[in-house]
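Two complexes come next, and they have one chain in common, chain A, joined by chain B in the first and chain C in the second.
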Partner chain A sequence: MNELVEAFRLVLAPDVMIAILLSSIYGLVIGSLPGLSATMATALLVPVTFYLSPIAAVASIIAASAMAIFSGDIPGCLLRIPGTPASAAYTDEAYAMTRNGQAEVALGAGLWFSALGGVAGTISLVVMAPMLAELALNFSTYEYFWLAFLGLMCATLVARSSPVKAIASMLLGLLVACIGMENPGGVPRFTFGVAELLGGIEPIPALVGVFAVSEVIRAIVSPEPPPLPSRRFGSILAGQLALTRKYWRQMTRGNVVGIIIGVLPGAGADMAAWVSYAMSKRFSKEPKKFGTGHPEGLVEAGASNNASLASGWVPALLFGIPGDTITAIAIGVLYMKGLNPGPTLFTERASSMYALYIIFILANIIMIPLGIVMIRAASSILRAPRATIMPVILVCCAVGAFATGNNLFAIILVAAFGVIGYVMENNGFPVAAMVLGIVMGTMVEQSFVTSLIKSDGSLLPFFERPVSAVLATMTIAALLWPAFIWSWKRLRPRPQEQAL
Partner chain B sequence: MRLSDRVTGSFVATLGALATYGGSQLPPVPGQDVGPSVFPMVIGVGLILCGLMIAFGIGHSFEDEAEADLAAVQGPSQEAQPSEPLSYRLRALLPPILLLFYVYAADRIGFVPVAAVMIFISALAFSAKLRVALPLALLAPIVIHLIFYKLLRVPLPPGLLPMPW
Partner chain C sequence: MTSFTRRGFIASASTVLASSIVGVKPGFSQSNYPSRPITLICPWGAGGGTDATARIIAQVMEQKVGQPVNVVNRTGGNGVVGHTAISTAAPDGYTIGLLTVEIAMMHWQGLTDLTPKSYTPLSLMNVDAPAIQVKADSPYKNIKELADAIKAAPPGKLKASGTGQGGIWHLALVGWLQSLGLQPNHVAWVPSNGAAPGMQDLAAGGIDIVPCSLPEARPMIDAGRAKSLAILAPERNPQFPNVPTLDEQMGPHKSVGVWRGIAGPKGLPADVQDKLVAVLKEVYDSKEYKDFMSSRGFGTQWAERAAYGQFMDESDRQMGEAMKAAGLAKA
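Our next item is the complex of A and B:
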């Protein structure tokens, strides 16, 4: 009980409240601008968190990412351009509703079910995390190795691209993580005599490069999106209760699917939205209405992507394994702030954990009023020309990367990773998988090499402990899954061909 | 910049071979079989396998499906088509070049002038009009400096134009 009171005291501190409010506004604006994703919003926020107290730092990340995922729906609905990848799954549906004159209902559904989904995800975090923490206390390096590997495999499975290319990207990320002296021998590895590389490649410059600079590059070679027609909105939340009553089943299913996908290490909000939208269509009584401006899929997918955001923190807090790219960034901040992820976090720093739960709930509650303001202001914010936003973002990338260690080498890394990210994405190599590889590389190597040393070079003990055997099976299944799908498709002729 | 799978696959495989070779050359830890060379070699072998599979077009069908899904949502790709003039596509190099310019010039002439140049050039590249680009280049660096230097205490180089705060 004392811890709960202490947690409220931590959250209600003025610096934390201001951080939540400002980062919410920041997240709403960045998320709503096409091409600027929630991950990028979070990555550019990191240098700012250096100078905040631990709770304020985590709070700003939670608030900004939740808002950005919601406000990604706004340009999707009004312009048919998703603001964040997590909104891409149902952009068409939302835009069709706008064309039918139901923009308020579509945006309201995005807001209302995002907030409810966020609360559901938080409840799952509160319930699941302590239970799993007890299990995690018994984990040895074998389990950690498989868990990290499973996370990497999930990241490749959910990438909407060729699984081979996704695995290649992930391995590239691991290779990048090999650079530096932090390895079992303590020898300089792949540093090519460059002194700055001895410390390894920090994830933050890589993230800023891959997610922000590559977006600037992409914008510079693509035409400006069409301007937003000015419009006046009616009541945003009117009719949402009726929708909730009508589609409570879909909403619950969306929440549950989102939570499950979020908990899986490596799979995040975009995947949750795609899966939930597809599921909603499959189980719907009126599948033909999908795509013509039918709110059902919107409800389910909107509930799903925000639910996954909160439950993505479960593996991040317990094992230091990111649930998605946003928590990958958050883990870095947790370490920096002395809140090292691990099961002991829940026993030793219980008040901080409670504070985190409270922040999640708070962020999802203030999302509703702030979201309404944002929707009303959207027509003026979305009219800000790219030519004024992108140059400022570029300078912020440079300053942000510089702030991580006060050295200019980080900016060279940002430029390099910007180009790498742009070329990779253009050729179908998913960059999110590479980023997870970079973030998790050191951990995977440490658990792998320590396990090998313990087992005297034998691979058998990797499968002997019960939990590690289960995790190993899941990982290998994830590895073989694409091959299974491919042969299934080969063996079963396509429906169109049958019709011919 | 769209390359064929054969090119990207061969690149990945070559990188894998180099990683394997580079890893194998690392000094071992005395008295222990497993050292710093194991992990890069495992990754290198993985990269070689993936690279070969990509070069031979294995798994390409998944990509087509995902692209079809996305095209259904977003319409045809808005990237510059190969028919665009080379000068248009070369603009892609501008953001990294400007970042390198920052690295080269920031300590010499200071944050505010460098940022102003970066913003001015890139705003023009985004085809902003002069009456937008100039005020933006003059004001935005000062605001960014105020936020990062004063509020967040990032030691941005003062250079030729130190700010009064």
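Our next item is the complex of A and C:
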């Protein structure tokens, strides 16, 4: 109990409160700018945290990353340019809602279910951290392989275009993921002697290129679309309670999936959003409506990605293993501030731990008022002429690409992916599937090859470990399901809603 | 706190400016060096151990020289980009950098032409030796038992992980296996994205051995999931007094380890070198630096100028031998 009081005292210190407020605003702004990602927001905070007290430093990272993941939905919804890979899964859906005049519902859903998801993730962190950590520790590369494979299959489920084109895009993403020497062999591949390519291609520059830059190119070559009827946004939260009641099952499922995926090292908010969106479509009673501006998938994916953000801290805090790129940076800050990750953090420095929990909850609560202000401010973008927005977006992309690594090559990469994305979109290939391929590709290859090294080439452990067997069954069932449906319909021809 | 935030932003803004100016201006009279901000290039990303080391050095340097010292993370190309930027900077003392052990490895693989000789060595700041970790409930009580088990096992039966193929900890293992008179691949290497995932796989039962530095292994050791059998260094690490050295148990062994040091581009004027080395020595001896390094469990070791150059050459030679033995070096 004393520790809890002490924790409140730590959090309520003026410097911590100011740090939370300022970094929340900072995170919201960075996340909402196309081309600037949540990871970048966190990385740029590191030099600042050097001058802060330990709790304030960690608080600023927690607040900024949570806000940035939410506000990544804003440009996705308004301009069809996702701010983070986590928003890429449902960008088309959110944008379709904007075109239908429901921008405030889409953004409100993003905000409301992000905040709820964040709280759910925090509760899981408080109540089940040791249990979740146990789960994460039982995951070896065999399980990761199936998980990544399942993630890849979401490409066909999420895409609105033909599954064949979605698979082609995803395979292109896998090819991109092959570049560099970050592969099991440690051998440079497809680098053509370019030193910058040795480290491979990160998902962020690819994402920024294929979504933001290609959108700019499209704006240059195509006539201005008919402007949306000018109107004031309605209440942002009004419809959300109704949505919560209607889709509470989806929300809960999103939270649970997000928490589980978040706690597994290496699979973060991006994968959580993809899997949840795909699951939502798969189990929906009205899958036909997906992609046309239907909030169901937004609810589930939004609930999922913020839940994963909090549970991603479990392996980071307990074992110093990063759950995603954001916690990888956060671990560095924890060390720098003497809050060394490990079980002793939970026992000897319990007040600091409680303080972190309180900060998580606090950040997700102030997300709602700050988010509403942000959405209101951002909505004016819909009224601004395209010719004034697009150049700004292009500048943001260049700055964002440069900022994390101070490396000019990243800007060239973004430009190249812009052209690739434009050509793909024009020919009906979904670029989101390619981004998914890049995000998952390394994990698929790494987990498969290292598993084979460990098993001396035997495929058996992929099926005989208990968790692995369950995941394998799910994957194979999902693979065979369309074939089963197809043959079922051939054998018993009758009018019936198609499942896929 | 507000002013600190602003300071951070101004610092990063001026960094961008400074680096562009440094590119064009040749070194002028250095008698009043340093008269403007110094840029410290870190070839690795924000939030990592190297980044943290660079930042603590810069912070203390700032107090000693009376000019801002800005850390710039030049990432990309697995460290090649940042190391290149350090070597091609104007040799005026306003751009220096943090070299890491990779500079003694990458050229053997044909990834770059840069070697330790491409720089003006200033000072060695940190060395971390590898240690051998096994699962907490594994039957091996000490390093001797593990060595015997490795010798008894058929080649490839036991698996180890902790970094990518040909990474520093892989080479450390290769060196140790060779000293036991075994083939470099007697213990199969399972590539991973660093020590943390390797330690996780150790706890998950996927692999048998993780060679990595003690600070990297610490969270899992504290969690009771892993134990460290020996540190491959001449002396015990004061942060981990219970971990014996390999030398104590099995006789002397020279092992490769990770190190970090400060260097400038080739041709740094002598007076600038004098000034920088003097300041770096103050940094190294400062309480802030010592406290920071010990809180992270990082080892400290000092060598300056030519001595640091020799240290790098020796490291380079060892790496080359290990990499050739493991078949990882380009002919």
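Annotations
In this text, the second predicted complex is superposed on the first by the 276 of 500 C-alpha atoms of A that agree within 3 Å, B and C clash if a C-alpha of one lies under 4 Å from a C-alpha of the other, contacts with A are read in each partner's own complex, and residues count from 1 in each chain.
Everything that follows uses one rule, which is that a contact is a pair of C-beta atoms (placed from the backbone, for glycine too) under 8 Å apart; a residue touches a chain by one contact, two chains touch by 3 or more.
Treat the numbers as computed from the prediction; the structure is a model and nothing was measured.
By the touch criterion defined above, A:Y51 reaches both chain B and chain C.
When the shared chain is aligned, chain C comes close enough to touch A:V333, but chain B does not. Of the two partner chains placed by superposition, A:S487 touches none, neither chain B nor chain C.
Legend: residue contacts after superposition of the two complexes on their common chain; A:T141 is shown touching chain C, with no touch to chain B.
Contacts of A:S380 after superposition: neither chain B nor chain C is touched.
Legend: residue contacts after superposition of the two complexes on their common chain; A:G185 is shown touching both chain B and chain C.
In the superposition on chain A, A:S458 makes contact with neither chain B nor chain C. When both complexes are overlaid on chain A, the residue A:L171 reaches chain B alone and has no touch with chain C. Look at A:S235: by the touch rule set out above, it reaches neither chain B nor chain C. Overlap of the chain B and chain C interfaces on chain A comprises residues 47-48, 50-51, 183-187, 406, 449, 453, 456.
For chain A in complex with chain C, the residues that touch the partner chain are 15, 18-19, 22, 42-44, 46-48, 50-52, 56, 136-142, 180-188, 195-199, 265-266, 315, 318-322, 328-333, 335-336, 338, 340-344, 404-407, 409-410, 446, 449-450, 453-454, 456.
Across the complex, chain A is touched by residues 1-2, 4-5, 7-8, 11-12, 16, 19, 45-49, 51-52, 55, 59, 71-78, 80-81, 84, 111-112, 156, 159, 161, 164-167, 188-193, 196-197, 199-201, 203-207, 218-220, 222-225, 292, 295-296, 328 of chain C.
Within the complex formed with chain A, the chain B residues making contact are 1-3, 8, 12, 15-16, 19, 22-23, 26-29, 32-40, 42-44, 46-47, 50-51, 53-54, 58-63, 66, 69-70, 72-75, 78-80, 84, 88-89, 91-92, 94-96, 98-100, 102-103, 106-107, 111, 115, 118-120, 122-123, 125-128, 132-133, 136-137, 140-141, 144, 148, 151-156. By the touch criterion given at the top, residues 47-48, 50-51, 80-82, 88-89, 91-92, 160-165, 167-168, 171-172, 174-175, 178, 183-187, 189-190, 213, 216-224, 385-388, 390-392, 394-399, 402-403, 406, 408, 411-412, 414-416, 418-419, 422-423, 426-429, 444-445, 448-449, 452-453, 456-457, 482, 486, 489 of chain A touch chain B in their complex.
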